[in-house]
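Quick one: this structure, given as structure tokens, is what I'll be asking you about.
Letters are used for the chains, namely A, B and C, taken in the order the chains are written, and counting of residues starts over at 1 for each.
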Amino acid sequence: MALLEAQNLSVHFGGLAAVKSVTFGIEPGERLALIGPNGAGKTTLFNLLTGQLKPSGGKVFFKGQDITNASVYARTHLGMARSFQITSLFAYQSVMVNAMIGLQGVEKSRYGFFQPLFKDRALKAAAQALLESTDSWDLRDEIVSSLAHGQQRKLEIALSLASHPDLLLLDEPSCGLTTFESADITRRIRDLGPKITVLMIAHDMDLVFGVAERVILLHYGQIACEGTCDEIRSNEMVREIYMGTRKQLGAGR
Amino acid sequence: MSQALVTGLNGLSYAFILFLLAAGFSLTFGVMGVLNLAHGALYMLGAYIGLQIVNTLDLFWLAIIVAAAALAIIGYALYAFFLKRLYGRVPEQGVLTIGVAIMIANIVLWIWGPRAKIMQTPDFLTGVITIGGLSFPIYRLFVCGVGLVVLGLLWYIQDRTRAGAIIRAGMDNKDMTVSLGINYGLVSTLVFLLGMALAGVAGVIGAPITGAYPTMGDNLLLLTLIVVVVGGTGYIQGTMLGALVIGLLDTFGKAYIPQVALFFAWIVFLAVLLIRPSGLIGRKVF
Amino acid sequence: MDEELSQIPGGPPIAVPSPQDPAARRVPRPLIETVLPIAVVAVIVLLLPLFIPSFVSSLVTKMMIFGLFGLSLNLIWGYANIPSFGHAAFFGVGAYTAAVIVTKAGFSNFWFSMLIAILATAAVAAILGVPAFRVFGVGAGAANPIYFLLATIAFGELLSRMAIVMRPVTGGSTGISGIPKPDLGLGAKVSADQYYYLVFAIGVICLFLMYRIVNSHYGYGLRGIHDNERRMQALGYNTWLYKYTSWIVAAVFGGVAGVLFAYFGSTLVPNNLSMVTSDISFLLVILGGTTVFFGPLVAAVFYVGVEYFASIYLPQRWPLIFGALFVIAIMMIPWTKGRYQGLGPEVLRLWKKVTGGAA
């Protein structure tokens, strides 16, 4: 059974169809990349899948359940999580607080209103583990807004893992990162293991081909083509739409 | 029952006063997204300034012009010194303008004293027209006339001029409008000043009807808020419709059930806010 | 350069050493240094009435009551970024409920009136909160809460008009007067001078509860919503529930302040429900700052002091000064990192200077 299934998803803004009849599925453990030129509707599709946007038509199924009308937070509890293209952290809190708030989201303890947060040893230990896994433990007392962009992106992904998701939606994880940092992110995503399924929006082709097994190309809100990396790499239409006919995909910039 | 017609005229003229007052607020609120809670106090200031001129110089038209100009100047000062620096910060705009309103009310009290002032209608507009045994005050008809003219003017600007098109475009998508090279900032400022001037006009013309007393600012602000929410922002027709509903509701309410008159206006306000926040004829807000 | 304040708003005052410092680990100050300032203030407040004329202790009582009022609004405005121009609605409901219970319903027990007032305030908040948050919006809501603010204004005005209309119960526009001093039951009646201590005791309890709440898991949930509601939802938080419950909690504490106010002044008028009184609450929040827990309390001391002196030297011009306070507060108080840096942080800085700072 597919972990996530989108059936005929569409959404309109005024007269404009931002996403049109998108149908695809993703199997457990799979690594799927979503590519496409700017404005193709990739983030909009993500918003539909995570519930930030209600579709004008179509359905979304997760683990067999119809979640089309489920709220954003309910989907997180079901096992979906996402990261954002534009870093979306708690800018004026410390890294440690960010981690703790992030981890708490799916814990019952988040409604505790009397005991101090910082006395919760289990939560602190979990936060330490999370931060150490992304090499951010040393920064734990830093205020997020004072961190470098690369460090913020790492925290961005760490937060999306905080709810122990089965499906991780990454929106441009390497956005604004140096080549070195992107390679690091690529490695980390690859090392996530088979228990986590990854759907990733990316522009960086090294990242796409380094991680993905399958690729979907979105153009003007519709799926233009999909296939394995090799198929996409050699596809004429993809080259035309995405890179311009002269450049060859994956041949570096 | 025919007395209802006279009450109806009173309600209509009151509605036009509300319209003139609310139009200014609706423009700044809808166009600039600015929450100016000093609007009622400014109306009151306009009324008092007009009153002063009428009582000392007995020149009605001059009073209107001076009040409009004074309010435009004060409005500009408000914008330049304060509101410009609070761009996008709505709660702070509200708090600041509340403070300004309180200050204006106290200044008015200081200068003109606590007792309510009555402004006589100018001689050439005093008196009644008798139709079918009913007496309709000429001044009320005058107010309706002015209101209709302003309504027509604003409606025309909104629908048929370039400035109106710019404003409507800006309300839909400010960034796009600016990036098209249109000086939206200038247009917004002019709209703001226009709104202030209208409040001044409303103050002077409305004074013979609403009276002038130092605590009227609050009352009028609240009425403005109700009118704007009920009618909706973005379309001048909406503001007029809101003013009609509230003006008539309030006048008839006061005539027949005095104690609960304003109470109903608030109920309508809450109902609209919760069921249809965009108002009767307004741009979709949610 | 002065050391940075702890960046956790409302958290205990903690020195955060610079990143170069090898001991860059947040060390909670020994209990003695966080408890000390509180103990000092508490002792001062408790002993004060022995040294000052009773009109001054009356002023201090007012400071405590308004401090509680401001702190209750800070729960939602400062911590969850829910601004409200109608908080006096709850203050007034609490006050009027207690007053009606004691003067009209014939129950003279202070605690009973407090209990009913709390229930009434919670009920009103629960009812009004449902529609209010429908117009709040997410993301855009916090940044552009115009309609929510208008709704909060409407609540205060509506309740104030209801108070005018329900003459038999609320005394109409003249309000309720002659509220007796609290009867604590078992024959213990509180005199005007002793009321100070009752307010202090209840104030301390409320402050303690609020402090625990804002530093709890739930409280950090509110802080998260303040900074980034969208992310909170993505992390699994039902942000509506957080906002709604915090609205009710803030209302209840505001209602408690109202009860204390009713017994303090012995007179209530419909304006205690309307924006005229709500103005005071958000002035206190902004003036006091939202980075430190006790900010509004400091602002209340300042406010009551200024009001007192104005009433002596410039009684006619007090509204002018009052209005000017708003303008000054907005224009002069820095708004950084999403929070107001008001009098609260200033007092904290002073305290640290006085106690030699954190080495």
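Following the convention adopted for this analysis, a contact is a pair of C-beta atoms (placed from the backbone, for glycine too) under 8 Å apart; a residue touches a chain by one contact, two chains touch by 3 or more.
As the structure is a computational prediction, the values presented were derived from the model and not from experiment.
Arrangement of the chains shown, judged by which pairs touch: a linear chain-to-chain path with two open ends. When chain centres are taken as C-alpha averages, the shortest distance to the whole-protein C-alpha average belongs to C. Chain centres here are Cα means. That of subunit A falls 50 Å from that of subunit B. With centres set at the average Cα position, the gap from subunit A to subunit C is 41 Å. Our note on geometry: subunit B versus subunit C, Cα centroid distance of 34 Å, whole angstroms. Subunit C meets subunit B in the complex at residues 83, 85, 131, 134-135, 137, 143-147, 149-151, 153-154, 157-158, 161-162, 165, 275, 279, 282-283, 286, 316-317, 319-320, 322-327, 329-331, 335.
Across the complex, subunit A meets subunit C through its residues 50, 52, 71-73, 76-77, 81-82, 84, 88-94, 97, 100-102, 104-106, 109-118, 120, 141-143, 145, 159-160, 162-163.
Residues 7-9, 16, 19, 24-26, 212-213, 215-221, 223-224, 227-228, 230-239, 337-339 of subunit C are the ones that touch subunit A when the two sit in their complex. Taken in their complex, subunit B has these residues touching subunit C: 29, 33, 35, 82, 85-86, 88-92, 94-96, 98-107, 109-110, 218, 222, 225, 229, 259-260, 262-263, 266-267, 269-270, 273-274, 277, 285-286.
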